[in-house]
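Chain nomenclature is as follows: A, B and C, assigned in order of appearance, with residue numbering initiated at 1 for each chain independently.
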Amino acid sequence: MKNFTSVHDVPQIDALVKKALAYKADRFKDKTLGAGKRIGLLFLNPSMRTRLSTQIAAQNLGMEPIVFNVGQEGWALEFEDEAIMSGSTVEHVKDAAPIMGNYFDILAIRTFPSLKNREDDYSELYIKQFIKYAGIPVVSLESATLHPLQSLTDIITITECLNNTTPPGRGEAGGKRPKIVLTWAPHVKPLPQCVANSFSQWVNAWGKADFVITHPEDYELDEQFTKGATITHNQDEALKDADFVYVKNWSTFKDYGKIYNNDPEWMLTNKKLATTNNAKVMHCLPVRRNVELSDEILDGPNSIVTQEASNRVWAAQAVLSEILASQK
Amino acid sequence: MKNFTSVHDVPQIDALVKKALAYKADRFKDKTLGAGKRIGLLFLNPSMRTRLSTQIAAQNLGMEPIVFNVGQEGWALEFEDEAIMSGSTVEHVKDAAPIMGNYFDILAIRTFPSLKNREDDYSELYIKQFIKYAGIPVVSLESATLHPLQSLTDIITITECLNNTTPPGRGEAGGKRPKIVLTWAPHVKPLPQCVANSFSQWVNAWGKADFVITHPEDYELDEQFTKGATITHNQDEALKDADFVYVKNWSTFKDYGKIYNNDPEWMLTNKKLATTNNAKVMHCLPVRRNVELSDEILDGPNSIVTQEASNRVWAAQAVLSEILASQK
Amino acid sequence: MKNFTSVHDVPQIDALVKKALAYKADRFKDKTLGAGKRIGLLFLNPSMRTRLSTQIAAQNLGMEPIVFNVGQEGWALEFEDEAIMSGSTVEHVKDAAPIMGNYFDILAIRTFPSLKNREDDYSELYIKQFIKYAGIPVVSLESATLHPLQSLTDIITITECLNNTTPPGRGEAGGKRPKIVLTWAPHVKPLPQCVANSFSQWVNAWGKADFVITHPEDYELDEQFTKGATITHNQDEALKDADFVYVKNWSTFKDYGKIYNNDPEWMLTNKKLATTNNAKVMHCLPVRRNVELSDEILDGPNSIVTQEASNRVWAAQAVLSEILASQK
C-alpha cells in the first residue's frame, strides 16, 4: 500500500481488518517496525480522535509523529496551479509538499470541504496536490469527500461484533448476511458528506452485508459511493430487522452544502430501535446529544460508539504498518 | 494513589515530598517505570509551567506525553447532563472522556472557573465528569477551585528551604514551627481563588507551620480550605516574624469573582519584608511585576520563585510515579 | 559554541558546513549525543520549516524537543526592564527565562521585529533578554534582524552545489570564486530584513565568493551586514554571469519598515536568468509565486529551493551537535 485515501488503495479489506485486530490484541507487536522513521501529521482543520489515534498508532510502531497545525502554527496554503499569490495565501503546496517529503517518511493530512463549490470539493484538489508533490506516501486523515480511516474503523468494529456473537450470528460464521443501515440524523449545522460517502463506499466494497441507506428527500449522496445500496426515504422501513445502525448527519449533495428538512423525528430513539434486530448503534463522533442521537441510545446497551472510536488506533496502526512494510 | 485532584488524594504529604526531592537528585532514577504508557495532557485553558513541567515529568519516567489543546485544536466540550446540544458545544464529556480512557493510561486536565457562578465553579463539575467517565486515573493540572500540583510544589520548596538552613532553622530539625503567611496582592484582573485555596488546604493538612492568611476586607476565602489558619486584614501584623511569605492575588469569593479594594499598598516591598524573619518570598507565577510584586523583591535575595517553579517538575514526577506504581 | 544567534558565534564556518553535510550523509551517526537532554522550542510567531527542521534535528541527536507556542498556548511576555505590568503582558522574561533554563538544556527561540521602531528591533532586546536570564545556550530560530540557521543552510547548499560541479566549477576546487547575487523581489507586505541581513553577513564572513547585492533605490540594508559586498540598483548588471541568485523581499531599513517602489519588473524570470552563468536560484521560502518569483523559475531546473529547505535539518543538527559537544 502506497497511499491511503480511499477504499481503492486497499488490496483486501478483510486482511487489513485482521491486521488491525492483531494490533488490538498486542499493540506493541511491531514496536520497532517504524524505528528511525517519521510521520508528519498536518491539520488544515481541527481534529481530536483522528489526531490522537494516529499519533498513538505511529508511536506504537516506533515512529516519531510530528503534529503540525497548518494555519494556526504556520501558513495559509495555496493549491491552485499558476496562482498569482498576491492575496492571503503565503505558500504554494508545490513548494511546501516536497519539503514535507524530505522531512518525513509518511505524510498524513486532514483537509476539508468548503461546502460552497461541489466541483472543487469533489475534485479532492488538496489531497491530490499533496500526493503529486510530496513524493512520499500520503494518508488521508479525512479529506473533502471521504474519511477512510473512520470507515476502516467501522468495518473493524462491525467485524468484532459479528465475531463475538454467540451462537454465531449473522456474518461469515452465522451464514446470514447482517443488515447494515446508514441513517441520516438532524444537526444544527451543514456538515460534510465525508463520513457517509466513505462508509457507503467501504460497506459496498466489503460486500458482506445487506446495505440500506435512509434519509429525507433531497439528501441523496453521490452515486459513485452509494451504488449497490438500497436507498429509501422511509426510516421505519429501513430500520426494521437491522443488525447495525450507523447514525450520521450530512448536508445536501445536489443543491450543495444546504440544510433542507431538519426534522427532529429523524433522531434515533429506543422506540425506533425496538423494530431492529437488537441493532448495535454506531456514530463516528463527535455527536450532538439529543439532536443527532438521544441520551437513551448513547447511554444504553446498544451503543458501540466508544468501542468504535477506540478502534481508530488499530485502524491507523494497520494502515501505517502496511505502508511501512511496502517501504522496506 | 488513583487520582490527584486535591490534598485528600495524598495518603502522606511528607512521603510524597521526599519522593519528589529524590527525583530532583536523580531525575532518571525511574526512567522505565512508565515505559509503554501514555499520558494525555488536556488543556481547556492555556498553561506554560504546568504544561511543560508535567510533560517533562512524564518523559523522565519513560512515559509518552501527548498534549492536546481542547478548543484550539479540537472541540468545545459539554459538561451538563441531559443537555440538548443545539448550541456551541460539539461533544459531551460523556462521549469524549471514555475515549481518552481508551487512548491513555493517565489523563491530566486543566480546567478553569467561570468566575461568574460560584456554585457551578465550586461543584468542580468539569474534573468530576472526567473522573466519572474516563475510567483511568485523572490528574488535575488546575481545576476551577484548586491547583494541587502547585501546592505540592510549594510544600516541597518550603521543605527544601527548611532542610538547607544551617544551623537547622525552624521546622522539623530546628524544633520551632516556621511561620507561613499567605498574603493577598493587587492585580489588574479578577483571578480565580485556586492557588490560594489550594495552598491553604495543603499547609493546613501538612500541619507543620503556623499559618496566617492576610487580605483586605471582602476577600475571605472558602472556609473549607482556610479553617485552621489565623486570618487578619492587617498585613503588617501578619508579616511580622514570617519565615515564608506567599504572595497571590485572588478575586472575591462571597460576592463572587469581583475586585473590590485593589489598594496598591498591599504590594510586597523590601520595606515590608524588613519586619519578617528574613522571609523567603514565594509566588506561583506568572507574576505582574510592580503590580503584584515589586522588582526589588523579585530580583532580590529573598525571592525563591524560580526554585519554586523549577520544582514543578519533581512534584509532577512524584505524583505520576505514585499513580504508575498503583497501576502495577 | 555556546549560543547561536549570528555568524559571530561560529568559530569556523566551513567546519560547521562539513559537519552538517556529514549528518546529511548519515542522520543517525550521533543518535545518542543528546540522550537525556531536552530542547525547548519557543515560538513567539509562527513557523513551519524552522519548527519542523529543528525538531527533527534534535530527535536525530537523541534529544527530546518540546515545542511551545508562546502567546497561543501560554502568555504574552514582557521584555522591558522595570515595566509596571498593568497592561496586556502577563509575565516578564526575567521570570520566564530562568525557568526555561531549569526545564531545558538548550533553548531555541523565534522572535520577530515590530517593523515600527528600528532602534527597538535592531537592539535585539528579546533574544538578548533570553540569553541574559535563561542561563543555558540559546539558539535563534530567527530574531528581529537575523536568521542564522537559514544562512548556515544557504552556505551549506551553495557548498554542495560547488562540490557537485563536474568538471570542478567555481569555488575551492575550480579555483575561480563563484559570483553570488542577492536580489530584492517584490512582495505584497512589508517584510523583515532578517534573511537579507543574515545572508549578507554570512556570505561576507565566509569570504569565498564575489558578492553582489541589488535592490531598488531606498532599500539599502544596514551596512554592518552588507559591508564588503558590491551594491547596485541595476539588477541586470548584477545578474550578469552570476552563479547563484538569492531572491528575497525586504522592507526599507532607513525609513523603517516601509514599501516604496514595488516594481513587478524586479521579479526574476527565465529571461533575466539567461544572462547569468546558468545560475542556481535560491529562496528561503515561503515564496509568493508569480509575485516574488515566477512559476517558470520555481518549476524549472535552476531552482534549488527544495534542496535548500531540506538542508535546514542538517544545519540545525550541526548547530545543536556543537552546543551539545561544548556542554560535555
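Following the convention adopted for this analysis, a contact is a pair of C-beta atoms (placed from the backbone, for glycine too) under 8 Å apart; a residue touches a chain by one contact, two chains touch by 3 or more.
The UniProt protein names, listed by chain, are A, B, C = N-succinylornithine carbamoyltransferase.
Predicted model, so just to flag it, every value in this text is computed and none were measured.
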item	value
When chain B is superposed on chain C by its C-alpha atoms, the rotation angle in degrees, nearest 5	120
Copies chain B and chain A - interface residue numbers shared by over half, same or different	different
Rounded Å distance between chain A and chain B, as computed from the means of their C-alpha atoms	40
Residues of chain A touching at least two other chains	72
Residues of chain C that touch chain A when the two form their complex	28, 43, 46-49, 51-53, 55-56, 59, 69, 72, 188, 285-291, 295, 298-299, 305-306, 309-310, 313
Residues of chain B defined as touching chain A within the complex	36, 38, 40, 64, 66, 68, 70, 72-75, 78, 82-86, 90-92, 94-96, 98-99, 102-103
